[in-house]
Amino acid sequence: MMPEELARKAEVLVEALPYIKRFYGKTMVLKYGGGAMEAGGLKEAFAQDVALLWYVGIRPVVVHGGGPQIGVLLERLGITSNFIQGMRVTNPETMEVVEMVLSKLNKDLVCLINRQGAKAVGLSGKDAWLIKAKKMTLKGIDLGLVGEVEEVNVELIEALQQKGFVPVIAPIGVSEEGETYNINADTVAGAVASALKAEKLLLLTDVPGVYGPNKELIPTLSARDAEALIADGIIEGGMIPKVKCCIDALRMGVKKAHILDGRLPHSLLLEVFTDKGIGTEIVP
Amino acid sequence: MMPEELARKAEVLVEALPYIKRFYGKTMVLKYGGGAMEAGGLKEAFAQDVALLWYVGIRPVVVHGGGPQIGVLLERLGITSNFIQGMRVTNPETMEVVEMVLSKLNKDLVCLINRQGAKAVGLSGKDAWLIKAKKMTLKGIDLGLVGEVEEVNVELIEALQQKGFVPVIAPIGVSEEGETYNINADTVAGAVASALKAEKLLLLTDVPGVYGPNKELIPTLSARDAEALIADGIIEGGMIPKVKCCIDALRMGVKKAHILDGRLPHSLLLEVFTDKGIGTEIVP
Amino acid sequence: MMPEELARKAEVLVEALPYIKRFYGKTMVLKYGGGAMEAGGLKEAFAQDVALLWYVGIRPVVVHGGGPQIGVLLERLGITSNFIQGMRVTNPETMEVVEMVLSKLNKDLVCLINRQGAKAVGLSGKDAWLIKAKKMTLKGIDLGLVGEVEEVNVELIEALQQKGFVPVIAPIGVSEEGETYNINADTVAGAVASALKAEKLLLLTDVPGVYGPNKELIPTLSARDAEALIADGIIEGGMIPKVKCCIDALRMGVKKAHILDGRLPHSLLLEVFTDKGIGTEIVP
Amino acid sequence: MMPEELARKAEVLVEALPYIKRFYGKTMVLKYGGGAMEAGGLKEAFAQDVALLWYVGIRPVVVHGGGPQIGVLLERLGITSNFIQGMRVTNPETMEVVEMVLSKLNKDLVCLINRQGAKAVGLSGKDAWLIKAKKMTLKGIDLGLVGEVEEVNVELIEALQQKGFVPVIAPIGVSEEGETYNINADTVAGAVASALKAEKLLLLTDVPGVYGPNKELIPTLSARDAEALIADGIIEGGMIPKVKCCIDALRMGVKKAHILDGRLPHSLLLEVFTDKGIGTEIVP
Amino acid sequence: MMPEELARKAEVLVEALPYIKRFYGKTMVLKYGGGAMEAGGLKEAFAQDVALLWYVGIRPVVVHGGGPQIGVLLERLGITSNFIQGMRVTNPETMEVVEMVLSKLNKDLVCLINRQGAKAVGLSGKDAWLIKAKKMTLKGIDLGLVGEVEEVNVELIEALQQKGFVPVIAPIGVSEEGETYNINADTVAGAVASALKAEKLLLLTDVPGVYGPNKELIPTLSARDAEALIADGIIEGGMIPKVKCCIDALRMGVKKAHILDGRLPHSLLLEVFTDKGIGTEIVP
Amino acid sequence: MMPEELARKAEVLVEALPYIKRFYGKTMVLKYGGGAMEAGGLKEAFAQDVALLWYVGIRPVVVHGGGPQIGVLLERLGITSNFIQGMRVTNPETMEVVEMVLSKLNKDLVCLINRQGAKAVGLSGKDAWLIKAKKMTLKGIDLGLVGEVEEVNVELIEALQQKGFVPVIAPIGVSEEGETYNINADTVAGAVASALKAEKLLLLTDVPGVYGPNKELIPTLSARDAEALIADGIIEGGMIPKVKCCIDALRMGVKKAHILDGRLPHSLLLEVFTDKGIGTEIVP
């Protein structure tokens, strides 16, 4: 190797040093979904990143979404869905398909992470009653089995973390009466991060981050400014619930929240281990 | 209550006493499948029994089978299967359906046990690489993704048991290369019991137990006698692999194996906590 | 076995389930004395019950009384006693006899419990200064070495419980100056239950429970109602101190107190593990 | 204080130094009996010594004998005993008296040690089945309930030692069938020391130690030489079983055994913490 | 040995008993310096005392001073120093010599203690940033690298104590920026004792203790009285900072402080283990 | 940042991944000396590397040499030394200077590492008798206080590692009799690595590695080949003892030994965390 190349390698390793130190033993909750789950090679890069975090002593917890496979299977089974405000009205038959597809994706992701050398364990909110859920209440609208998080029971997550396992969670909740609910994965990630008092909540999305009034990417944003940008209509559409989810988590004790572009390979590593980071960070 | 009724109650409790003592802290692996998974009320009774074992300090591990739901979904999706020697030839498309259905059943069973007050956690062989599998080798026959157990990695099971959780395992394995395999649930139960050096392996079936030459139920059978009954053609058909699975487990250090009628409510309790037991026990 | 018989057995076991669950790891203090210590077979049934509680994960602590053997030995030695308000005036010579007889009974009871498979350890209030006592003060009356509990030092009990032993305690206390005192066993049981914040205090007596104004057995009684019944003269005689002892324990954090008929075999089991219980329970 | 006095004090403390170091955390079994239990002030000095050993990190275990109180009570009750070879023929009535007196002495000794600030716990061989015993077999002679040690179950002793308690043991054993036996206290001390692989077995007796052929006190004696002295008739009478008990303990792994004069105040301290020691030490 | 000699030995051991008990597991910080470091045999006696404290379960921490060796080496190197108010103005060149000599003395002392059988570990304030220091501020005077303690980081001391090591500390501190400072050893001992909430702070000096108005040695002094004696000019000169250091430590939670004559052999032992103690004790 | 730059950074981090995984929790012993201790900036880079190893869960142990400062101080003090076979004949006066300089360097290095955020603790072989040494024996030659390692007592190193501290060791040993010895730092590093069964022994030198017959740098060398190269005179001069030290360590259970160029900044990081490594590795 050329000396300059060695010097550059050493530089990257040295840059990563203070971050490895700062985050040692800390919990980071990663929401993984959308485009990052689909494009070739991105899944492997994500699994590699999760394993790297784990190797250097960080405790990652993954919450994943569902993706297009749900729609594909529903269609093959001839089940049609209505959508209200972007959410699928979920009857019991649909719920069963959603749960089957999520369970399959969950174990696939577990496998990918394990093949990178970490020890992942796939969970749904049903395991040890991890996510107590209830029917989502929307004025005058019945979305069926779409739920919201009532309580996150961290005992199982913490037991697995203590033994060095990486929990990978499918966004399914269950009510006191045993009813299964489909819950938005961002919301589950936020609730899990809050319950664990996580160091970071990282939402991997399909955009580079939050944009400001002049369409410029905003690197850092306070919770208060983020709310102002929503009120001013600058943050809009699908980004609103994501930003709100971050703000809620910060209020519950999460240290920092990030909205990253999951389509950029290794965006997780670059965010956590470089000085500039990427995407938008939201701070309390 | 009448005094005699009280006396009878006390008698049952006193009879259970030495068994509760003998099995305290011991691991029992339960294979749950077939008719016991279908008839109304039997699932709840099974979940209750698992919880009772757990309450009195026994460490149950459940391995479940698939049941008719797999066939139903395959049919709805228009996927046809060939069967060779009673085993479904499993192509990747079929495997995906099998995994989805098993994952769904797994979490349903977890939920039922949790509602009885225990803390169950659903796993497949993919979690923390619990079941390393390889393609099943049958002379001249290719069954596709039907696998056999290569190694059971008990670290995750023991971590969960130490923290008081009940592992519930779907019979799916994964190869070093990440290929998913469908494995016979009795075999998985036997391999898990062997790896854990379990106190008991209990196979819940659709028959009262093993029958002898005169069609009488045999309460106790040595491994050697069981082999003789197979050689003599007295144990036959679907009972052969079950009995062989028990014999193998005994050779690997499991203390006792049982073949019970899962259709009898609370057969598990009656076997474990009464003097006579029920079904057939096979001893080393 | 007949199916109905099996069903009935299963029913009893299933009925016991929620109680085994509820009381797992909890401490129960049992006062054992009077008729239950004398009749043939009752001692063995009591020892069996203590062992069963222990097997299912409950932590029993036994406090026993003295019984007629004290009188027998005093008589043989030609020592006469005066009684004031039903309490024996205890001079040093009498105290020595009381202590010798109690120590002997203590070890006999330990032996009986050990033979049922539990690991009992006999203690008096002198061991590790378990019961600090002082002279009982009664206006104008000197009862000699009759004492009352000043402090229960739970360190030894808890150390033994942690290692899985069953403490069996003789009702003897010792003052700071080393003076030995004879203390009422109900009082000791109540004080020990209070110091351990026990789940239950169970007093085994020679009557079926507390009777109401119409001579009917009262199954449940609040502490307040119990005080009213004493004030109204409905609870009377020897039952008064027993009920007061229960009320005091409830005030100190014991969850529930019971007055049972110790002459009924296995009354302990029936109280703890059946829905209806027996005798009278007093609740805060 | 005069400088010379200070220097002398410092010298004693410095002399004790290597012994405190050498014996830190080690178990010493002390047989306490005979004259040392009777003379005024000796009991207190013994209790002080036990507490000092405990304070400096040694783990004492005390085994005590019975003494003349047994005879006194037997006489008062009009029970006569035959003696064969110096051992009391023990019928059930006598055994009861022996057990009562020993239990009383046991708790008195516990009290004395506790008052010196240690935490003693009185045990008999019945507690947690500490001493399994059987009938002593002597050719053609029936001594009744005189027993010998079959097995010492150290679990309870070690549990108490770990928690910092000092076990004080009365020499009573119990058979598998629950029969109570009276055992020689030297023998019990030797068996307990063997089972604990004790650092030292110290027998406090009524003589200064073992005497040689010229009536000189022997400070150190090998097991082999001790046997020769017995064979030659130089060690004789009541000293024979004591020396044999020491030899047996050395064979079972005890490091050193001592025969001391218990009538000399603080003989225990002087033996353990001074260069010359006192009495006779027997080494493997 | 003569009986009277034995009795006297036993007496000293018995006198030490309550002190060994009282101080078990407690931390004592010893300032060692001045004449006690120089005279022949005194170092060995001090090392023996430290080891004895350690053997009986006390946790000693030693802070030592520099002594005349610093001046000797400075002179050999031709470095001259100015003194202001008895403190050496320390330039970087001088500081280097001070650090070298202290490090050498530190390891010599460690060696002496180890040879008595304890396990000593030599530290300076640089190890694990044990002593954060800053430049000493004196109005209008610049003493160069003479520092004062800003913070004592006890993590390393406690880790070593838990594992049974004896920390031996050289009085060197280091600032946030990495600057090395020379600090008065009495001050370091006081600060370490305060940070550890030590049971005792013992300053070994070259005088018998604190003297009162009539030149009589004062055995006990309250912090308040000590301040009065300073105000009245009775405590004067070099004794003032020592007494102030004791008073400060008492304010920070140290239980008792002592000023002893380090030139008296084994003064440490005599202070800690005898009823009268020696020197002057200062109490809160 | 440019995407390519991000990609390159991600690549370096991903390359480091398997090494971080492989070495997690493993001990690496680093010999630090020569040119790497002198040139500007190299000390800081070395300290940074030690801290990075520590941050990612590796357990570094540093052994350092002396360097030219020893000669400088000897000269200033007018002490002259003879050299035999490249080793300084060390009389007591010289030994004192060596120890003072090494102690000073030790604490300086500790300080540098601490300023990078790790928690280093400086030790010499005297602390807790870490390095038992004896006089080096060379036929017919007396080198004075030059010693060789007799035994490495790892208790202190392991205690510090368990608590997360980085031991930094000066190459000084001490004999049973308390004599101080100066030992070659490579030898100490090898002996420490052997005693700890280290994963790696890394010797930082002033050359790029071991050269072969054609003056080419050899990346990998077996112990056997290394011995052949010495026999053939290809490895020569000062490299011989370094290579022998590596071979010895491999024989004692060290997994791999490395000879690196300490003058290349961050050579440690590049060796440990990149695929090609740098310098020469010697394997068993």
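Each chain gets a letter, A, B, C, D, E and F, in the order it is written, and its residues are counted from 1.
In the analysis below, a residue touches a chain if its C-beta (ideal position, glycine included) is under 8 Å from a C-beta of that chain, and two chains touch if they have at least 3 such contacts.
Since we're looking at a predicted model, the values are computed, not measured.
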Hopping only between chains that touch, the fewest steps from subunit A to subunit D number 3
List every chain that touches both subunit D and subunit E. none
Report the chain pair from A-B, B-C or E-F that duplicates the D-E interface, where duplication means over half of the contact pairs agree by residue number. B-C
Round to the nearest whole Å and give the separation of the Cα centres of subunit A and subunit E. 57
Using mean CA coordinates as chain centres, what's the gap between subunit C and subunit D in Å? 35
How many angstrom lie between the centres of subunit B and subunit E, each centre taken as the mean Cα position? 69
Residues in subunit F with touches to at least two other chains are numbered none
Based on the touch definition given at the start, go ahead and assign the chain network to line, ring, star, complete or other. ring
Beginning with subunit C and continuing through subunit D, what order do the ring chains follow? C, D, E, F, A, B
Touching subunit B in the complex: which residues of subunit C? 1, 3, 6-10, 12-14, 16-18, 20-21, 24, 48, 51-52, 55-57, 117, 264-266, 269-270, 273-274, 276, 278
Mind listing the subunit B positions that touch subunit A in their complex? 76-77, 96, 99-101, 103-104, 106-107, 110-112, 114-115, 119-124, 126-129, 155-156, 159-160, 163, 165, 172, 174, 178, 180
